[in-house]
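Encoded as structure tokens, the structure appears first; notes follow it.
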Amino acid sequence: MDPQSIIARRVALELRSGDLVNLGIGIPTLVANYVPSELKIFFQSENGLIGTGPIPEQGMGHPLLTDAGGRPISALPGACTFDSAMSFGLIRGGHVNVTVLGGLQVDASGHLANWMIPGKMVPGMGGAMDLVTGARRVIVAMQHAAKGKSKIVQRCSLPLTSARPVDLVVTDLAVIGLAGGRMTLMETAPGVSVAEVMAVTEAELAIPDKVPEMKI
Amino acid sequence: MRSVSAQEAIAMIPNGASVMVGGFMGVGTPERLLDELVRQQKSELTLICNDAAVPGKGVGKLFDAALVSTLTASHIGLNPKIQQQMMANRIAVDLVPQGTLVERIRAGGCGLGGVLTPTGIGTIVEEGKRRVDIDGRSFLVETALHSDFALIHAFLADYLGNLSYALTARNFNPVMAMAADTVIVTAEHIVPVGVIAPDHVMTPAPLVDYLVANG
Amino acid sequence: MDPQSIIARRVALELRSGDLVNLGIGIPTLVANYVPSELKIFFQSENGLIGTGPIPEQGMGHPLLTDAGGRPISALPGACTFDSAMSFGLIRGGHVNVTVLGGLQVDASGHLANWMIPGKMVPGMGGAMDLVTGARRVIVAMQHAAKGKSKIVQRCSLPLTSARPVDLVVTDLAVIGLAGGRMTLMETAPGVSVAEVMAVTEAELAIPDKVPEMKI
Amino acid sequence: MRSVSAQEAIAMIPNGASVMVGGFMGVGTPERLLDELVRQQKSELTLICNDAAVPGKGVGKLFDAALVSTLTASHIGLNPKIQQQMMANRIAVDLVPQGTLVERIRAGGCGLGGVLTPTGIGTIVEEGKRRVDIDGRSFLVETALHSDFALIHAFLADYLGNLSYALTARNFNPVMAMAADTVIVTAEHIVPVGVIAPDHVMTPAPLVDYLVANG
């Protein structure tokens, strides 16, 4: 299985029926593909929609029904639309049960950096800071390392997205929890050993006696 | 409310004006007004909008024509033009978290001095801002935004100026329609009074100063 | 003409076509009766309506369409409804062109007291404080005196409604302006002399050389 | 969202709970829930609502039954019962300007610590509050309100919990539906999913915890 699918499949297992969920762009967007159809999840698009559906068939998209990237999407029965004040009221007000976001770095205290690399072009934080600050549960979905460097670091060198620590990090190699304010290795990806995870993890990681394999 | 042509509407905007433009990645943006801003070469604009869209679309057209000197937005990553202008110091960009941006505009439209938000606490967004602590939690003071003009795109507008928006094209439009001295509106459909049910009006007519007529 | 009609008729002359207007209860409510039909005024009811119409005919009222006192009203074509956050966003945000409110006292600096009498039962300020603070133009419509005591006082003894001075006071005896922060007698009611107004006015009043009579 | 009976819904509320109740002079108030609060004699309630209505109607019923120990509202003048209870020190009343009240509730629902408002500056409403000056203008810090429960009355509710409101019965309902831990809704009409068009939903389904079933 490719790394992105591993991550998206594993994150999908975190969602519960009735949850209002906001998925960031990139790997997080893929999570929707792996949610069992019997689960009733409300997906929010922060440009003003709850109830996003799959990409419409050729010729059926509407220019006024788009995702946060401006691409045509569809809406499920029971969908609703709203303005940006309401959209971020939902986000900052703790009404979003789970947000899944990409990351540049997550550090040992759970801080996420995912919006700027000083010296490079700055895309802007968009809704990321509100999502990390306000969502009830924040899950980071990202590759464990990039260009041979661990993205799970002892302390973020990049500007933080929020002072609020994230709750869970899911990578192509591991699931890392942050309960009690401590980074703990909770699961390894299929065929990946604890030693292999530790070798590509810069942050100090608590290792329980038993670390199960991801069930995906 | 007065109905005008796009040309007349944009002619009211002086160079250097502050302008809010509705839309999200070019969706729900008054394209005709942006085309006319470019045609009339209104320059040195202070622009407030969610994002910089992409070249050739929505507010992207204003960066293509280099008409903007100051931008307040939450996201500019999909427009390489503005990135180049930033690097060349030809534009000043103030990046604001999206939820904070919309609340600041809402505050400006609703007569509030600002709001207290937890977003940005402990990040570089906090720099230069005041904190207020409430029950042991810290919040940033984020001040109201107001502008000279708001350019709004509605789905339906009636002859009085009542507006409704469709699907994800609502976004920043209703909030901005309250936060500017002069509000100029384009609509996909202009309809008689009463066609929009009272419960479905999203921007009440008294907020609209100018509605751009068809044709 | 009875005192209330004098006041309401005179206030009606202050309204302009296109104005968004909020009328308080009591005498201010009567103002709507004297607006010429060719004037297009948007009347707001702060419980969530623009476009209030006359009291519905017997049997035509709807329990979910009421004024701020809970009484059935009608709605004109082009009316719109909204929640209380929007209603007070309009009020505090300066979108209401004119508000007409009753008063207990107005003082020489234009301060209005109209919401409580210490030691008596306190009804609450409702929307009055927001209206006086936020409306572009504040007109007080009230009797000049009550129980022989002037309601136009040098300094309010009752708790203020707002630190923002009102713009115009219309009574059964006079029109009093507050341009330049000074109370000025602008008009007298039909058959009322300047001396008669001064005799029942506690506040210091600038008297121009010519004080015209109200044209109502 | 789960559908329940009015009896089950109110049984979840303990004595002493804080409760927001939608409505304006009893219009847009969930009367069935108030009747059930009285029937189950839930007492020592901290009530947040716009006004005290009148005896026998809306939240007025709660004062008739002397169930409220603390009230936050903007207007109580038309209910002599509460006036008597105030005089007898049987109820603590915090009077808040209406625009401030709704913004404080909205702030609670939207994750803001509060708002900065000019309303109340220089009046007794300012007592005990902080000021923040912005560009030479003073504003009061008005803090967010949140509650254990919100009792909401909608016009339409679909099977998922999407809500819309009618005419002047909207008032405080959509704002309160965001500002409580548990949101309980009655509706004039319960309808299948899709009957309320996406653009006409005023309270999104995920905000609703319990919908009171017919009958």
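Note that the chains are named A, B, C and D in the order they appear, and that numbering of residues resets to 1 at the start of each chain.
Note that in this section a residue touches a chain if its C-beta (ideal position, glycine included) is under 8 Å from a C-beta of that chain, and two chains touch if they have at least 3 such contacts.
Owing to the predicted nature of the structure, the values given are computational and were not obtained by experimental measurement.
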Looking only at C-beta pairs that count as contacts, which pair of chains has more of them, A-B or B-C?
A-B
How far is the middle of chain A from the middle of chain B, if each middle is the mean of its Cα atoms, in Å?
29
Would you mind pulling out the distance in Å between where the CA atoms of chain A average out and where those of chain C do?
55
Starting from the mean Cα coordinates of chain A and chain D, work out the distance between those two points in Å.
34
Where in chain A do residues touch two or more other chains at once?
49, 75, 81-82, 85, 88, 91-92, 133-134
Please set out, as single numbers or ranges, the residues of chain D touching at least two other chains.
103, 106, 110-112, 117-118, 165-167, 170, 198-199
Pairwise chain contacts, counting only pairs that touch as defined:
A-B, A-D, B-C, B-D, C-D
Applying the document's contact rule, which stretches of chain C touch chain D when the two form their complex?
45-49, 62-70, 75, 81-85, 87-88, 91-92, 121-130, 133-134, 159-164
Sort out for me which residues of chain B touch chain A in the complex.
24-28, 50-51, 53-54, 73-78, 83, 86-87, 95, 97-100, 102-103, 106, 117-125, 155, 165-175, 202
For chain A, which residues count as touching chain D in their complex?
18-20, 42, 49-51, 75, 77-82, 85, 88-95, 97, 133-134
Once bound in the complex, which stretches of chain B touch chain D?
103, 107, 110-118, 130, 132, 134-135, 137, 139, 141, 143-144, 164-167, 170, 198-200
Given the complex, residues on chain D that touch chain A span 1, 106, 108-112, 158-160, 162, 178, 193-194, 196, 198-199, 201, 204-207
